[in-house]
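Look for subunit A in each of the two complexes below; its partner is subunit B in the first and subunit C in the second.
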Partner chain A sequence: MSTTFLPCGIYHQEYAKEHAWWQTPFIKGKMILLLIVLFFIIPFFADSYELSLCNQIGYTILGAIGVQLLIGFCGQITLGHAAFLAVGAYTSTLLILEFPWPAFMIDWGLAYPASIIIAAFMAGIWSVIFGLPSARVKGFYLILTTMAAQFIIVDFIITQYVSQIGGRGQAFSIPPETIKIGPVAIDSDLKVYFMILFFVIICVVVLANLIRSKVGRAWIAIRDNDISADVMGINVIKYKLMAFFVAGCIGGIAGSCWISNIAAISPEHFPWSWSLWLVGVVLIGGVGSIHGTIFGSIFMVLVMEGLQLLVIPLVDIYPKLLMDFLFIKEAAFGLAICIFMIFEPYGLSYRWWQLKNYFNLWPFSY
Partner chain B sequence: MELFLMTIVTGIMVGGIYALVALGWVLIYKCSGVLNLAMGEMTLIGAYISITFYSMGIPFLLALLLSLIIGLILGILTERIFLDKLIGEPVLSVIMVTVGLSFFFKGSLELIWGTDTKVFTPPVFPLEPIEIGPIVIGQAYLWSFIAAIILLIAFVCFFKYTRWGLAMQATADDEMAALSLGISARFVYAAAWSIAFISAGVGGTLLGNINGLNISVAHLGLLVLPVVVLGGLNSVPGAIVGGIIIGILQNLCGAYLDQYFPGGVKEIAPFAFMVIFLLFKPYGLWGWERIERV
Partner chain C sequence: MLKKKWQKFFISVISITFLFGLPSAFAEDKINIGSLNDMTGATSDVGKDYALGISEAIHYVNDMGGINGKKIKLYQFDYGYRIPEALTKYKLFTRLGCKAILGWGTGDTEALSPTITRDKIPYISASYSGHLTNPDKTPYNIFSGTDYSSNARATLTAWFDTKWKNHPDFGKRKPKLICSYMTSHPYCSAPIKAIKDQAKILGFEVGNDQDVSLFAIDTKSQILAMKKFKPDVVWHGNTTMSVAATLKDAYAMKLGATHLINVWGYDKNLIKLAGKAADGAMGATVCAFVGEDVPLMDKVVEYAKKYNPSIPIEDRLIRTVQAWGNVMVLWEAMKRADKAGDLSGESIRQNGFETMANFDVGLGIAPVTYSASDHRPGKIVTVYEINDGKFNLIDKVNLGQRWADKWNSWLGW
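Showing the complex of A and B:
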């Protein structure tokens, strides 16, 4: 997918402008409008249910964007990303619950922000450990090692060992008022919304800028052909591991953000199907585009909610349906992936790109 | 020593079933180049169908046969509807379609049969164990192993001596040459998928006989991945040997490591072993080494 064409009659006269994010006044206006909607319209006009949907979308974006980096920009297919989300979430929870923070950290509400940073770092390290085989293997074999990461980290280390810390049994409940940023306790959907929004914007901006830097160009070269990238003098192993590290960091941030939204955390929050779900989101959104990830997340969350709304009226007729909804959701997700891969292999972002070009080139599209 | 021998024997018995499922996987990969992650759910489908027939009072062998016929039809349908359109697409697309299929199968299975554990009642194989010298093994294991071996031999003969089997071998070897000799590649793909469904269904039924049948049998079906990595992705003997090795390894880890690392060592060990093995010998014992050029 190449870049979008500029509208007729607009030319750049400086190189810097050619690389700017918001190139025309129209785009500038559009993005500012989007920010206004995100920061002022949604939080104050949406009710609690809609806000929780937005939080779910934001969490999916944060999770999927790391997968997008690995699959879409570095070509390293991963099917175990939920494991790194789990590492982030558990690191953060354990730090909040068990770590003897100095008194001033807790008083000033710095414990949670600090734990997010440490969680991101931990998840990055774990991601690099399981990315190490990428130095030797690729393609299908790498898929297997990332799958193994999921089983080893979540099903074994976290379920059997980490969950035993403190003798709480399977689930760690997070008492209210412990998750604080500064003086504000993150306890309502609105506050979670702002926090997740903040992290989504940070991650998207960081990733988008990484992609157009030296590192990003190296990743894309590795994705397109790793042997020629090697021949051109790119240190393939270093950049692959860097991609794993960044993706793990973003996953860790996603995990530790999510604990503010749930009262208790257990290994069931990070099953293998969640890893596959994230990859599915990336594929439906479009491989190799950041806004594709966002489209994919919005699409999947909204479609599944729509499905639920569709099912609810039927429950009166056939009550078993409510219990079975989870299974319907799984089957629908599987079918959605198959249909997208067969009929729309470039994902939603390709359609978006076509649409933009259609309007930019209108009326002379040839 | 007795424990050791017994673990080894049980491992071989279970490994036979893994080998059978892995054979189906390798066949799909050899013939059509599809890396199939839906194998776990495919084992479940056959198992659930045969348990349904069995609980309706149909004799076990007939129930198994009926489930095989349904598996055959499902295999052809799956190939025609989903995978036929993806020939020549990038690896990720094909893999994700199989992942999508696995979600679809799993959701539908849970919708139809629920999540409770089902057992074959009355038990198909007698419950009292057989003693061979110092070794005691359950009859379910023994008969499953025998059934798996018979099917393995039948499949190998099918590839070696029948016209269809030879056509499949030819396609796996060189698709262009096979096409020019008048072999229909689409027929071969459909045949590969139906054989995979059949072998997975038999494997699932046998595994369901041993431990009871629920969704977690799909996890055992996923063990096919370490098996094929160990044996080499496109090697039929590799699948058989790999299945037996993984079966032994899994049971040894369960017997000896469980006291040091309590919990699910048995489920994790094959995957951990696979990661380490991949680092040293990524193409498996008998897989083709692929030489890459720019």
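Showing the complex of A and C:
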């Protein structure tokens, strides 16, 4: 039996092998190549604009992966995830700017890393609070309760109270070189890229591991049929809240990472439309697929920017085209969701799966 | 069959794009300038007119010979007041080699400030936030109009001088001020510290701030809260739409206070939307209204008619003139920098903007002066009052002269 490629037909003889991430040396090779591209090729060949696009993709992945967990793996529809990103961002910013850290924490650049952990935890707690109604309601009713997170957390608590801390009254300015990890100040697109990449990998690995564990199986059982899951002895409420907690934590990390990309933060950074955008990412990428989240994020950021770059050469002839682009972009977002829902309901991840299968069986694919 | 049709369609679209785009790739040397505008977001009620003004003013600059013979190529984007979008657009501008950026709101301008400082790209914003005027902190932030904080101080002072001194309660009690604005919004809250400081200087009693969203259409609860305090003046820090809603509710509920309005809430649309409720409202403006008899206004009108004929000139707002003001100071700075032989961002700032002393922009803008230590364009603020649906100039407050001892310490507020 070939050890480089999987044979056609029988794939696995042990459960452990079936669940292994890198099942053959060929797949290991592919993944190593991917890591080389991510860690060596992109950062050193991309310019500032391309890096900022990568950072936006990373931020979108971190935001959407929690939504994927809730919608795709646990069946809990959410439309308030931007609020948990806001909790993460504000917790982290407040801790950096206002908290009296011991001198060694600041000197050794530990304040920001510590703030990320605390921010993740805080966002997780808030997510659980707004996940509590999921014990009693589902479907459209749950959508409405999760939307409340936006209004209560962002529009009320953060806008009315948190934003006033420190007397700024509007935006928390984050002075340059405030955000440090160890001796390194996160002050360039490249450094932000590496940081976001690190967290994307960590979050993907953690979630992928959770999905193939007892917890993940419980989430999937709840998604497929919560009554059956209950009958099978799964504590439905506990696992639902656990899903909200993990999703909130990842959202908190996303928010904390976002502040390294900007110099001031205000509630405007976390509009309700961002929650909707994240759901769009999940739908286009593929519901119930981690790499679908990644594909969805890449698609949503790059396609929109690509469309824009395409119209730039026409500026001389149609000067208003760039100004009108946002309308096109909004329309393209809506249209993309409609097209995917009709023609590709399983999203880009399904297309990827088909592509892989084609090449796995090539040249005898059917 | 269907696939082939789609293939043909996409190939045609891409071919046409590049075919038309090709000449621009080989076009003569142009100076690229970026412009961030809000046509669809929270501040689009005033942003649309400003965006039109930018594009028309650039046409004018090019018709006048550009930067010493070199034409300007404008990359103008609508970012919908979404800050993440603004960050990406900024990076795109740098990639396109833009020499300067005509920015928009306080949120994105303040968020981008350290980045533009690092990249040394002049950022001429429609945000007149006082926070952006200290070159020690924000050396590449510039604008042509008097800053929000100075405007707020001047408007309050003008009311104190022209109205309060004639009030029956003058000398018997303190005048009362209350601020109505979207507390979380950087633009709305930018001058609050300054106006409260000015209120303290002039001996006002200040009530609790009232949070009014930029999207507000009903502000009765805020007006009820204000009525308990019985203010003599209300400072409105929002843009036109929500200010009009607040004025109408205040009128209907007989609040009985004079309304003082920040720059972006004070235009012809306010009169149209609020009607009688806008009568008596005072506000600082940074330039003349469209159609006023001031130098260069004929060009504003001519280019508005030429490039956007579908919008009647009587519907154009002061925002167009504000946009022209910013483009004119940038044009002058770039011409000076180019003459000095260096069109880098640093040179535009040092050899351009910071050499301007009492530079007359026209358009009813007070002569502007920038120095290496102070980017506030002027000390004199013009204050208008609405009477019978018309704007009347009622006062010119010279803050620098009147509070000469404090003027320098107000830098960056």
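Assume the second predicted complex is superposed on the first by the 330 of 366 C-alpha atoms of A that agree within 3 Å, B and C clash if a C-alpha of one lies under 4 Å from a C-alpha of the other, contacts with A are read in each partner's own complex, and residues count from 1 in each chain.
Simple rule for what comes next: a contact is a pair of C-beta atoms (placed from the backbone, for glycine too) under 8 Å apart; a residue touches a chain by one contact, two chains touch by 3 or more.
It should be emphasised that the depicted structure is a prediction, and the values quoted were computed from it without experimental measurement.
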First (subunit B), second (subunit C), both or neither touched by A:D316: second
Contacts of A:L53 with subunit B and subunit C, given as first, second, both or neither: second
Subunit B versus subunit C as contact partner of A:A331, first or second or both or neither: first
Touched partner set for A:P133, first subunit B, second subunit C, both or neither: first
Subunit B versus subunit C as contact partner of A:S173, first or second or both or neither: second
Which superposed partner A:P267 touches (first subunit B, second subunit C, both, neither): second
Which of subunit B and subunit C A:A83 touches, first, second, both or neither: neither
First, second, both or neither for A:I222, with subunit B first and subunit C second: neither
Subunit B versus subunit C as contact partner of A:Q160, first or second or both or neither: both
Subunit A positions touched by subunit B in one structure and by subunit C in the second: 159-160, 324, 326-327, 330
Subunit A partner contacts - residues on subunit C that touch it in the complex: 14, 17-18, 20-25, 27, 37, 39-40, 42, 51, 55, 73-84, 87-88, 91-92, 94-96, 107, 110-115, 118, 183-186, 188-190, 192-193, 211
Complex contact set, residues of subunit A against subunit C: 47-49, 52-53, 56, 59, 158-160, 163-164, 169-171, 173, 175-176, 189, 261-269, 271, 305, 308, 310-317, 319-320, 322-327, 330
Partner subunit A, residues of subunit B touching it in the complex: 35, 82, 85-86, 89, 91-93, 95-97, 99-108, 110-111, 225-226, 229, 233, 261-265, 267-268, 271-272, 274-275, 278-279, 282, 292-294
Subunit B partner contacts - residues on subunit A that touch it in the complex: 71, 77, 79, 130, 132-133, 136-137, 139-141, 143-145, 147-148, 151-152, 155-156, 159-161, 225, 227-228, 231, 273, 276, 279-280, 283, 287, 324, 326-338, 341-342, 345
